[in-house]
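Chain nomenclature is as follows: A, B, C, D, E and F, assigned in order of appearance, with residue numbering initiated at 1 for each chain independently.
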Amino acid sequence: MIKKLVLTGAAGRLGSYLREPLTQMAEELVSTDITDDIGALYEGETYVKADLSDLAAMTEVLQGADMVVHFGAIGDEAPFDDILQSNIIGAYNVWEAAHRNGVRRVVYASSVHAVGMHRIADNIGLDAPHRPDSYYGLSKCFAEDLGRMYWDKRGVESVHMRIFSCAQVVSPRSLSTWLSYDDLIRLVRAAVSAQTVGCSIVYGISNNDRAPVHNLGAGHIGYKPQDNAEQFAEKILAEAAPADPTDLAQMCIGGPFATIDLGESGVAQLTIIDDSKKT
Amino acid sequence: MIKKLVLTGAAGRLGSYLREPLTQMAEELVSTDITDDIGALYEGETYVKADLSDLAAMTEVLQGADMVVHFGAIGDEAPFDDILQSNIIGAYNVWEAAHRNGVRRVVYASSVHAVGMHRIADNIGLDAPHRPDSYYGLSKCFAEDLGRMYWDKRGVESVHMRIFSCAQVVSPRSLSTWLSYDDLIRLVRAAVSAQTVGCSIVYGISNNDRAPVHNLGAGHIGYKPQDNAEQFAEKILAEAAPADPTDLAQMCIGGPFATIDLGESGVAQLTIIDDSKKT
Amino acid sequence: MIKKLVLTGAAGRLGSYLREPLTQMAEELVSTDITDDIGALYEGETYVKADLSDLAAMTEVLQGADMVVHFGAIGDEAPFDDILQSNIIGAYNVWEAAHRNGVRRVVYASSVHAVGMHRIADNIGLDAPHRPDSYYGLSKCFAEDLGRMYWDKRGVESVHMRIFSCAQVVSPRSLSTWLSYDDLIRLVRAAVSAQTVGCSIVYGISNNDRAPVHNLGAGHIGYKPQDNAEQFAEKILAEAAPADPTDLAQMCIGGPFATIDLGESGVAQLTIIDDSKKT
Amino acid sequence: MIKKLVLTGAAGRLGSYLREPLTQMAEELVSTDITDDIGALYEGETYVKADLSDLAAMTEVLQGADMVVHFGAIGDEAPFDDILQSNIIGAYNVWEAAHRNGVRRVVYASSVHAVGMHRIADNIGLDAPHRPDSYYGLSKCFAEDLGRMYWDKRGVESVHMRIFSCAQVVSPRSLSTWLSYDDLIRLVRAAVSAQTVGCSIVYGISNNDRAPVHNLGAGHIGYKPQDNAEQFAEKILAEAAPADPTDLAQMCIGGPFATIDLGESGVAQLTIIDDSKKT
Amino acid sequence: MIKKLVLTGAAGRLGSYLREPLTQMAEELVSTDITDDIGALYEGETYVKADLSDLAAMTEVLQGADMVVHFGAIGDEAPFDDILQSNIIGAYNVWEAAHRNGVRRVVYASSVHAVGMHRIADNIGLDAPHRPDSYYGLSKCFAEDLGRMYWDKRGVESVHMRIFSCAQVVSPRSLSTWLSYDDLIRLVRAAVSAQTVGCSIVYGISNNDRAPVHNLGAGHIGYKPQDNAEQFAEKILAEAAPADPTDLAQMCIGGPFATIDLGESGVAQLTIIDDSKKT
Amino acid sequence: MIKKLVLTGAAGRLGSYLREPLTQMAEELVSTDITDDIGALYEGETYVKADLSDLAAMTEVLQGADMVVHFGAIGDEAPFDDILQSNIIGAYNVWEAAHRNGVRRVVYASSVHAVGMHRIADNIGLDAPHRPDSYYGLSKCFAEDLGRMYWDKRGVESVHMRIFSCAQVVSPRSLSTWLSYDDLIRLVRAAVSAQTVGCSIVYGISNNDRAPVHNLGAGHIGYKPQDNAEQFAEKILAEAAPADPTDLAQMCIGGPFATIDLGESGVAQLTIIDDSKKT
């Protein structure tokens, strides 16, 4: 069993959902975020307020940790300067702090948007090159390359989970791209418990019939999704407008990000209905 | 829900099996073939007699359609002149008529015989080049390339379903190559309901333990076969003659087509026992 | 030395240029076309008027031949019906006549337009899938697949030479795509003299600095182009309009064919200035 | 049904486990090994004592056989001279005897150690090149290449089953690499009953969540493992020491073989607890 | 001919070498850097002092430009914060300014260090994934991904020239990795004059016998190096210490960067003797 | 400069040709073979009689060596037992002796026959899997895998030179497969002088127009052949019988080895006219 885990972004939409499960995977969970407070703590959890953009602070938070689960970042498209601070500098600080503390592994919330301009009809795997669809996606590319270097040169392992649509299924697109909350937990659990991973990438997507990507070559991570958005298909398709086969936002795996203006925040979020607390 | 679907080859062995399911996928199904009559119609279905080799007629039939499911063609090896008329000119007429009418997608009954000369032991995927085993297979290659061009230049989507052995399992080969009637319907349903497909290829084969090909890269179509010919294995293998490991007809995924003379009709059909109406 | 060669399309723009060189590669050259007369014959050459669309006639012309160099076809985009007659049926007749006569090899004038919708920036090789840009290109795809089948099933070898711009260099595009007349002859000579070829594809392009494709995997053909369009670059670029980086006609290796309407003849020909007779 | 099967290494750890199942796949099973006696015989089984290093003896044993299931060899790392005798010369003798007797197929116990130096994080498939981790693994590479040649030149089929950890699950590594005894039997059964196989390779591994390799491209063998080592994960991981991410023995799919000295016997065996007789 | 070119980093080691050649490729060259002065100007050249980290300034400099040749950045390993300012933010500013001004193409000085951790013995091509060896290399990965996105979403073309050792040949490594000053100019000239490039990558290396990478797939750029470091081999190898086959600094294409500490400046520069002004 | 080189097979057809050039690459050359005497020695050369099948003897010969150039072996097809002794055990002894002495690199005379069953028309590169055509070729596969393991586990570098037809050009096949004696020397020189090679493979073939393989991915070795068998083409083709396109001996890169019986010696040698001493 792992002694100490650190979770960044613990107050975020997805991070908050991971707190309880992670307490079951380690003797000690240190949750961190920039809010003052994240409410009641789970058994084995402590909370430390710290800013990702502060390397010294992050170095302190990661002291003695075995692994860090890094979910702290802006989770949507934003102006470049904002992405730069939270997502690019933030990623550097986490990896550098991990290295300074001898942390074994970074489990990282990468995103489909690192490869979002690839076409659905190409049904890419893990060997497809980066094709970001946004500054947000570009920051994920940066962190993936950063993680590769820290593995190659410093022996810090990383798992880059390219998360798809971890939210309620409300559109035809999410029939393809859904990642259920339970599968998110399965994924993080697998990424933490895999024995050796070097620098690995894995798509964070449920076992959807219509999945627009495949995970061939990530078997060693041991991620086996159990949910399938097809259960919602009949209802959603009945109400959906006909698809436009030449609209990039419908042709690309990044969805609406493929056509939004760079730096224009909030567009994709519109389709997210946060039901994570309902269960 | 789709407003209007057209089904060509509605009187054919496989087409007739699709009529009822397709009525459930669209408000209106127009079935078409060259026979005078296809018997009692399903609710929502109309029948139009039309010749695939007549572009004007096809253009009229496809008027206002959202998609066309194109199964009309000679379904066996035949002299080149016959294949030319029904399968090559026929395919051109369907795509051209689709384009003229703004039809969004052609769902096409391609065939294993487009790649039939590949070896079973190579267990090919969707990226294998064309290797037709017959004029019949060659016409399928033609239509796949035609569909690619109509997508690249005119934005007409297509799904090319390379159908294997959609018939009763009566030989060791069909333990590998079986496509159950139910899986055929699942496949067509998936090809119709997938949101955007560009120009995609998918193998039309059941979930057989011994499948000689794989569908990696077609995940976005959402085809999940449920049947498995292994249920028939014990009985069929007990009665089978020993395999000949260097007989092309047993080594190639096209089966007996790999060794028949070009243009020689009927050979492969001999092993088909049409039980499609039994269920 | 080869005993008997047949050249189809001997009266055509490129075919007429091959007559003299081919007489030097065989004891006997039979030139054939649909015109009554092709002018003065070279030593060792005879002329037979024959229609490619007549299988019996072609079978007679190919009697006793070792190889056929097949250049007879419409050499530009045209309505589908025209392409069907000359290029699709014509190709079938040549291969079938070759088979009936035990002809060892078909050396075929395929075209860049079989893959014309691929992007220049992808710099494709010989393993790229078909992406025709025109009915003309589609007929080349058909003949390539036909040739593959006649090799797989009947042991008729073929070399598919995907000819680029065999004409005067008059545009920025042809700096990339030029095939000099001398290199055309080198190519045909190599395709004829290679010892065994199975079914091989090779790009017919000069040794241009800016070649948009590469011939890796065709080394066994022994084609070594000697000319390079870069000699014309300074003059042509000085007069050229700025490129439009998102115009498909400039992005695709098929050039203007990528954006012409299907079946619309003559567009690409406009840029061809036939200087083949000047030398 | 197969008339006559031969099993080599019938007295070995894995071979002894196969005897009973193989009697159900053939009218006659000839078990062979170098011990005097293998105990009570199953119905349809006979035992012949024979030395793999004796070509004449092996030729006699294989007389009239349809297939041979070749498990006889040193099953662990050993000095080169020992491996040479039992595994290299032994493999030659089996294939040569098979050829002399017209035996249709060799079903061979290859090993993960033929590719043991590949990294877990590369999650290789069947197209990865040989990277042996031991003389033992090197002998498996030899036999795979031998089998390829006997297929290419003499039409003797072979299935090369790269067996992983067919033993009790007692370490974090075997959560990834387990091959249950039942899945071993499923694998051999599939390799024997597949219709035509040419020269095929397949990984012999259970359906483990954490499998470090994948079997894409071996579908035609029809091997569908049913067991999954994940059932043991909680207990084993709770007791396991933290992984060392830069230890080759933990990074490579060959496990401890990746770091043992060549020729040093017994290291890997230490982790094998033979429970094959318990069930 | 191009109307207006902008050169960033015009005062730098490589940039200063490009000024004169670029004046010959455009009617107007605007050189820019952060120094007050770059000495005497060439005919057609103007100089503008501007800071890459100032988006407004860069936007002004690029006004009306057709293309920008972007060489301005820290050209060696440096602390992350420095790389962030000059190389990451600088790249963003250049591409964003290009987009705002409708600049057609960015010709970018990327570096071998974007892929520096790949092994020489793997002899990678252009399809190898990023494996940076330094923060410097990581910033090049960032800019390549940025360029890809600006092409995919905004139609700004880019050529990413991964420059190797553009300096005097003084070590065994540079026999492999040399880019002569003349070939650098040929490369930039090709990248500017290529007709359409989308987002292309090309290795910036001379025609060295021992080149550790190949440029297959970049043919459309038209870069044909003329120099070959082999001319220096005899002298350099005679004086060289024996290679250490397991030293990463000798095994990796990034050379000494493969083993320097991240952020440690100056190591690699030690081997550069700047003879660019001698010619 | 290298201090001490060892050459095995120094009395053999190719080995004897390498003696003089190798003396120029090292301060000391130790030539070794099983004959008593190899005639007059070159300056810097000593001769030691030693048997490759004697590990102790080879260990002594390699004492203090930097590299070994291993050409000692049966150079033709032979019965398995003979190949086993000279080529398989011999290779093991050379690598093991190299390891015991800390020898940095083995430069090995592998052969086209390791991949001889591949088809000419597939024009394979270095990534093609082993397909030996003879016991001779199989022993080359063995040594390549052995060399890979000694690199992976023990840091002994190796270059595997797959030598084609190093003999006079007397047949159409050798127009494709020729390796001139001068190019052989260039190849060995490159393999010795390359800085770091890990475990690399390179085809040993001249710069023939009709080369049936390509060396993409071996650029780091620095082998640049200068000769071209095309100079002999006119004469040889004029006298040659027509090719048989379906004869494996003409279709496969292994040539006549593709159809000889395994173990049948001398067939291929018939076409070798040893003119190596003439020059």
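The criterion applied here is as follows: a residue touches a chain if its C-beta (ideal position, glycine included) is under 8 Å from a C-beta of that chain, and two chains touch if they have at least 3 such contacts.
Everything numeric in this text was worked out from a predicted model, so none of it was measured.
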{"item": "Interface residue overlap between copies chain B and chain C, same or different (over half shared)", "value": "same"}
{"item": "Repeat of interface C-E, chosen from D-F, B-C or C-F - more than half of residue-number contact pairs shared", "value": "C-F"}
{"item": "Gap in Å, rounded to a whole number, between the CA centres of chain F and chain A", "value": "52"}
{"item": "Where chain A and chain E are represented by their mean Cα positions, the distance between them in whole Å", "value": "33"}
{"item": "Centre-to-centre distance between chain D and chain A (centres being mean Cα positions), rounded to whole Å", "value": "40"}
{"item": "Contacts with 2+ other chains: residues of chain B", "value": "216"}
{"item": "Graph class of chain-chain contacts, one of line, ring, star, complete, other", "value": "other"}
{"item": "Set of all touching chain pairs, with the criterion as stated earlier", "value": "A-B, A-D, A-E, B-C, B-D, C-E, C-F, D-F, E-F"}
{"item": "Touch list for chain A against partner chain E, complex", "value": "80, 84, 88-89, 92, 96, 117, 127, 129-134, 137-138, 141-142, 145-146, 148-149, 152-154, 258, 262"}
{"item": "Of all residues in chain B, those that touch chain D in their complex", "value": "119-123, 125, 172-173, 175-176, 208-214, 216, 230, 233, 237-238, 242-247, 250-251"}
{"item": "Sites on chain D touched by chain B in the complex", "value": "1-2, 66, 104-105, 155, 157, 190, 193-200, 216-224"}
